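The following pair of complexes shares a single chain, chain A, combined with chain B in the former and chain C in the latter.
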Partner chain A sequence: MKKFLIRRLLLSIVILFFVSFIIYSIERCLPTSYVEGKARQMSQKAGAKPYDELLEQLTNSYGLEGNILQGYAKWLSNAVKGEFGDSWVWSKPVTEKFKEVIWYSFAMSGISFVFQVIIAIPLGILSARKQYSRTDYAVTVFALIGISLPTFFIATLLKWVFSINLGWFDLYGIVGRMHEQLPPIGQVLDMGKHLILPVVTLTVVSVGNLMRYTRTNMLEVLNSDYIRTARAKGLSENKVINYHAFRNILIPIVTLLGSTIPTLFGGAMITETLFQIPGIGYISYMSLTQGDVPFTMFYMVFLAILTLAGTLIADILYAIVDPRVRVN
Partner chain B sequence: MNFFKKESTKDANYISAKESRAISKENKRITDEIEKKRKRKNIPEEEYVTKMKNSNNVVEFDNVHTYFFTDIGTVKSVDGVSFDVPQGKTVGIVGESGCGKSVTSLSLMQLVQRPQGQTVKGEIRFNTGEQAINVVNAPMETMQKLRGNYMSMIFQEPMTSLNPVFRIGSQVDEVIALHNPQMSKEEVKNRTIEMLELVGIANCEGVYKMYPHELSGGMRQRICIAMGLACNPRLIIADEPTTALDVTIQAQILDLLRGLKDKINSSIMLITHDLGVIAEMADYVVVMYAGRVVEQGTVQEIFKTPKHPYTIGLMASKPVVGKDVDRLYSIPGKVPNPVNMPDYCYFRDRCEMCVEACKGKYPGQTSLSPTHVVNCYLYAEGAGSNEKNEMKEGQ
Partner chain C sequence: MGADNNMQDKDDQIDLNQNQSDHVSTSGTLDDEQRVKVLSPGMLVAKRFFRNKLAMVGLVILVTMFLFSFVGGMLTPYGESEVFRKKDVILKDYAMMSENKDFLYTNEEGKDFPSIAGAKMILAVNNGNSTFEAKDVTYSLIKEDENLYQITQLTPVANVLTLKGKSSFTSAEEGGTVSNAVKSGYEAAVSEGADNFEADGIFYYIVKEGKQSAISIMDRTALASKKVFSAAGGAELSYDFKLNAEKAFNHQLSSFEADGNTYEMEVEESTGFISLNGEDYAIMSSYAVRPVGSEALSLQFIRAVQEAVLGDEGSVEYTGKDGSSIHYKIEMKGNEFKIRSEQKTQLNDDFASPGNTHLLGTDGHGMDVLTRLMYGGRISLMIGFVAIAIETLLGIIIGGVAGYFGKWMDTILMRIVDVVICIPAMPLYIIVGSIMDYYQIDPRVRIYLLCAILGLINWPPIARMVRGQILSFREQEFMTATEATGIRVSRRIFKHLIPNVIPNLIVIATMGLGEIIIMEATLSFLGIGVKFPYASWGNIINSVNDVFVMTNYWFVWIPAGFLILITVLGFNFVGDGLRDAFDPKMKR
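Up next is the complex of A and B:
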């Protein structure tokens, strides 16, 4: 197991190196350049230096002189030391801005993840047990609606019903107008209230996949010989499903869920943007559109690390729940 | 045009989408009705507690019909099967693949894949010692008490019959603890170890902690047997227990089963298509063909004087030591399509001994001795009166 882990970690470093290089190259080739924008802005002020001069000056001060390779080498040498620099758009260290916004994203994705598991797995099992029944069809239709309708549609629908017509929630933002006047507990509740619609949106769009996945795996397990053996032992149907079958569908489900856990930190760009939740997804989207290289680089590499961590966690969990793949 | 249309719809394998929909709708209606009846709460005892015809029997199959309602039509997997399993005896069931051997035994356990598979007619009476239970109508709770405890089954696929994620010990423990709630954990474990020893596993304590994938096929089959025998059942159903094993292990497993049967005095229903195994193990033999019993009798009767042409063909197709043949005999033709079986002897089209009477309905039973029964016109009360018989049945 130790050897396996070390090998995987070393491999991850190599992958990270290439991934970050590709991201950096794309980043630099983007038509939106932060320095150009800034130079244009500054040159329009009265008494300013001409655009070309400003551009050269800014390029030097932001360290963008030289080609992509040189820029990457500079970025890498700092990143290895843990220095990701200052964000250009937010004018503060990248890691500080990150710490500020990540918890909104995590709370939102985390709550939605819990709901997803609580709803999808029992529903999936139920619909597998009653295959081709009315319940099964109802659950399937619900799941397919969730899978096929895009996030922005559901978010807009929810806003229209609950914010505009019923007036229960605010349309945008993480805090209400009276936030500052509230006592500490009230402030937390206020934020919670603002998270309800985004969480519902996220849950609805992602619950279907897990539910279908559970159903398919449950059906496969229920048709296997060892389930027949369990029934032949005289076990009750509930024991057969909840113990013998469930323990077996845990293998694929844990693998899937394990790999999604790190993405809880990745933010939900579309949902956050639609509800203007200042989470990592929304902030990084804004940074990207304005060509903030240090922040975007940090976020992208962070996502790459999360993905790698996800597969590694999935592999480890797989070995834990399935005795057949235990690595000695 | 018309002619072609008629031809194509006559083909049993062809089915139009419209017909298929009609069939599945009809199937749903039938199975829903049966399931509804089965799922009632508090099914009265009179409906499933019956009397055995002969109290020396452990199981009596009485005109059992188990059908599968599929989208291409009703498959009559078991179509009017009747035979008895006496206490302490071994009954061998032989027949081709797909002739309904396994479904017969699964019907007894009520493990047929529902809702498509249903026992629609007949009684399967099981003698628990105190009372006789008709398992066809028995509610789930009663079946759960019978399964594993009074009747147990050894399945034909040892490689996949054990749950891959649980340790051997806990899987065997489970069945013992379930049917003996008074036993403590320690006692259950001791009983499991004892069972593992009984089936000839050398390193019991080690195997107790192992997972199924760490064992060979023969070992896993032994575990299955240990699991089946753990509660001293009155009936052991062994569904091709040796098919997946090599010959040396086969012999060991059979010896084991025979020894255990004598030790706990239970009956065995041995399902196999290996005639050698039957000759060695069985007291009685039931020969099945296309969902029906075509011949049954004691092992001597079936092996020495096989009567039904199918049985004769079977016997001729097994290799005999010391007999020199260029090519083993094989019965020509194949089993008829199980959907929409015709009402005449199913073996007619493959039979080499057809008589005039075979054109008639499915033959009735003819007793050749108190134990030897055959369904064939060749033996129906005097060969001359065959036609008369047919006439009578035709009316």
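Up next is the complex of A and C:
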């Protein structure tokens, strides 16, 4: 196991090296005049340094004076030390801004994740038990509609119905207008209220996959020999499902859920942007559209790390949950 | 589901048997109908697929969407970016009419009346003086009426000293003489108490200061009046004309003479309509009608407005030179009248409600929403198909090579797959989108680039699947056989291995199509995908970024979102049905 882990970690580092190089190369596709424009723009801010100094600083911090390889080496040597530079849009160190906003994303994605699990697993099991019944069709159609819904459309629909027509929620933002005047509990509730629509959106578009996954795996388990044996023994249907079948579908489900956990930190870019929840997704979207190279580089590398972590966790969990799997 | 499907297959066989028992065989030999029907594997798949209700619903949806997008686009009478215009009545300020309270000056030909003198004149009028000075020139005022003054410039000709009833004249000029006519005229005027007299056709003015008085020539300089004159064709009216017109107006005369012509005058309250030989020539009024724009007003229009205001009518219909009749509304605001034209202007027919001409209304550019949806469907579906073709091709080649050759080739290719999978797709699209924005890439080229990028990012899962399948097939007997018969490697891969992967590929590609369509729509929604003037379902919905549109014009964005949902749902239904059909045991 230890050997496996070390090998995978080393491999991940190599992959990360290439991924960050590709991302850096794409960022370098931005025209060089872009940095000049950026420096000019920044120099016009109140209390900013003069243009020449800023231009030098920006070019320097991104190794833009050399070729791609030199520039990348420079970025990498800083990144390894945990220095991702100062964000151009937010005028503070990238990591600091990241720490500020990440928890909004995590809260939103986390709540939605819990709802997904609560909704998807029971419904998936139910539809597998009653395959080809009306319930199964209903659940399947519901799941597929969820998968087929574009995030921006469901989000807009929800806003249209609940914010505009019914006026229950604010259109945008994480806090209401009176947030500052509220007592601490009220502030938390206020934020919770603003998270309702984003969480619903996120749940609706994500729940389908987990539901289908549960159903497929449950069907496979239900068709296996040991379930037939259990039934043949004369066990009650509840016992067959709850003890024999459920435990076995836990293997793929735990693996999947485990590998999903890192992505909870990645933020939901579209949902956050549409509801203007100041999480990592929205902040990154703003940074991306405004060409904030330091933040973008950091965010993309961060997402790559999360993806790698997800696969690693899935492999490890698979080995832990299912003793038949030999990691080597 | 495997067990049930097997059961269904058994049901089929029972059905077949029943058919057979229904058939009464007379000969006892084995004919076509007595033979047990064996379906080819392909037919079995098709049969299972067509029995799946959801898959059929999906198929119907997809066929409808294709017809809607590709045939509908041909049938629709409108073009993809045809802008509809509408005529709308716009109230536009056209002219103002207000009472004139200031003196207007008409200069005698060749004379100059500076504005400073005008100010002095008003002062003199207010103080009741009959002379005033400005810029070393003395003017005299001749009051004709309350609001009508003749202003004359005085040039001193003689000084008169009157002592004991006897006047002695001295010329103002050095060594000049004063004519007898002037002398006698002066005497006559003084005896009558007048302050001016005429002599030899020249008017003289007398200024008295105690025993001394000064005689000056009166030179008509300007006419000050509060009446506003407007002449046909904007012509300048002469001093003489105005003076005579005013006099006629004040005395309610029906005609007057000026500049050798005889003019008719028709007086209505404070307005006089002057005509020459039966044709409108000028209007004098205490109301000024001024255009709001730069366009000069015609006399007929002014007359019509004046008459309407005098008649207390709220509107006026006026037929212009081009023969078009325009309706004007007259609104009173304070002391002013606003004449507003009800002009029919061509406007973009934006956000027109659904109706007979536009079944789903028009969007913010005045384009037909339904037509845009059809063309948008073409682009969305086309992007989906091209992108999925690219990614499938890449997936097959890379996955196939990795799976077949194994060893170091497999390791390298699979690491490449790992790397590409790790690149965050959405941020990448946004960066590439903004790079394309920066270089201002042509919208058409952009669509192709979008297909390419979507294809280049999404191939790794397909490659993984293909590799996995080929790894398992490689060990099977039929592959050993191909090796034994010495078939070329490329043929072994593409003729014998890939066809076995096809079922799974079709399923993945069908489901993937839906994902690509959603991705494209999302990018277009964010404004970095398909750009105007091309339509795509995503960029049609883009208009909801304006909350006003979202609130008020549901027909612009809901249909597009609904179409995306339905189409992707169709692909997912069909993909799901295909998976079940291809793999009745459903191992994956």
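Here, the second predicted complex is superposed on the first by the 294 of 328 C-alpha atoms of A that agree within 3 Å, B and C clash if a C-alpha of one lies under 4 Å from a C-alpha of the other, contacts with A are read in each partner's own complex, and residues count from 1 in each chain.
Just so it is clear, a residue touches a chain if its C-beta (ideal position, glycine included) is under 8 Å from a C-beta of that chain, and two chains touch if they have at least 3 such contacts.
Remember, predicted model here, so these are calculated numbers, not experimental data.
Asks: So, does A:Trp103 touch the first partner chain B, the second partner chain C, both, or neither?
Replies: A:Trp103 sits against neither chain B nor chain C.
Asks: Name the contact category of A:Leu157: first (chain B only), second (chain C only), both, or neither.
Replies: A:Leu157 sits against chain C, while chain B stays out of touch.
Asks: Where does A:Lys233 make contact in the superposed view: on chain B (first), on chain C (second), on both, or on neither?
Replies: In the superposition, A:Lys233 touches chain B alone.
Asks: With both structures placed on chain A, which of the two partners, chain B or chain C, ends up touching more residues of chain A?
Replies: C
Asks: Does chain B (first) or chain C (second) touch A:Trp168, or do both, or does neither?
Replies: neither
Asks: Would you sort A:Glu220 into first (chain B), second (chain C), both or neither based on which partner it touches?
Replies: second
Asks: Quick check for you: in the superposed arrangement, does A:Arg324 touch first (chain B), second (chain C), both or neither?
Replies: First partner only.
Asks: Give me the intersection of chain A's contacts with chain B and its contacts with chain C, in residue numbers.
Replies: None.
Asks: Touching residues of chain B toward chain A in the complex: what are they?
Replies: Within the complex, chain B touches chain A at residues 109, 111, 140, 143-149, 152-153, 155, 157, 160-166, 174-175, 178-179, 211, 213, 224, 227.
Asks: Where on chain A does chain C make contact in their complex?
Replies: Of all residues in chain A, those touching chain C are 11, 14-16, 18-19, 22-23, 26-27, 29-31, 34, 131-132, 137, 140-141, 144-145, 147-153, 156-157, 159-160, 164, 171, 216, 219-220, 223, 266, 269-270, 273, 284-285, 288-289, 291, 296, 299-300, 303-304, 307-308.
Asks: Could you please specify the touching residues of chain C with respect to chain A in the complex?
Replies: By the definition above, chain C touches chain A via 1-4, 53-54, 415, 418-419, 421-424, 426-428, 430-432, 434-435, 438-439, 514, 518, 521-522, 525-526, 538, 541, 544, 547, 550-551, 554, 557-558, 561, 564-565, 568-569, 571-573, 576, 585-588.
Asks: If we count contacts the way the header does, which residues on chain A are in touch with chain B in the complex?
Replies: These residues of chain A touch chain B: 224-226, 228-237, 244, 247-248, 251, 321-324.
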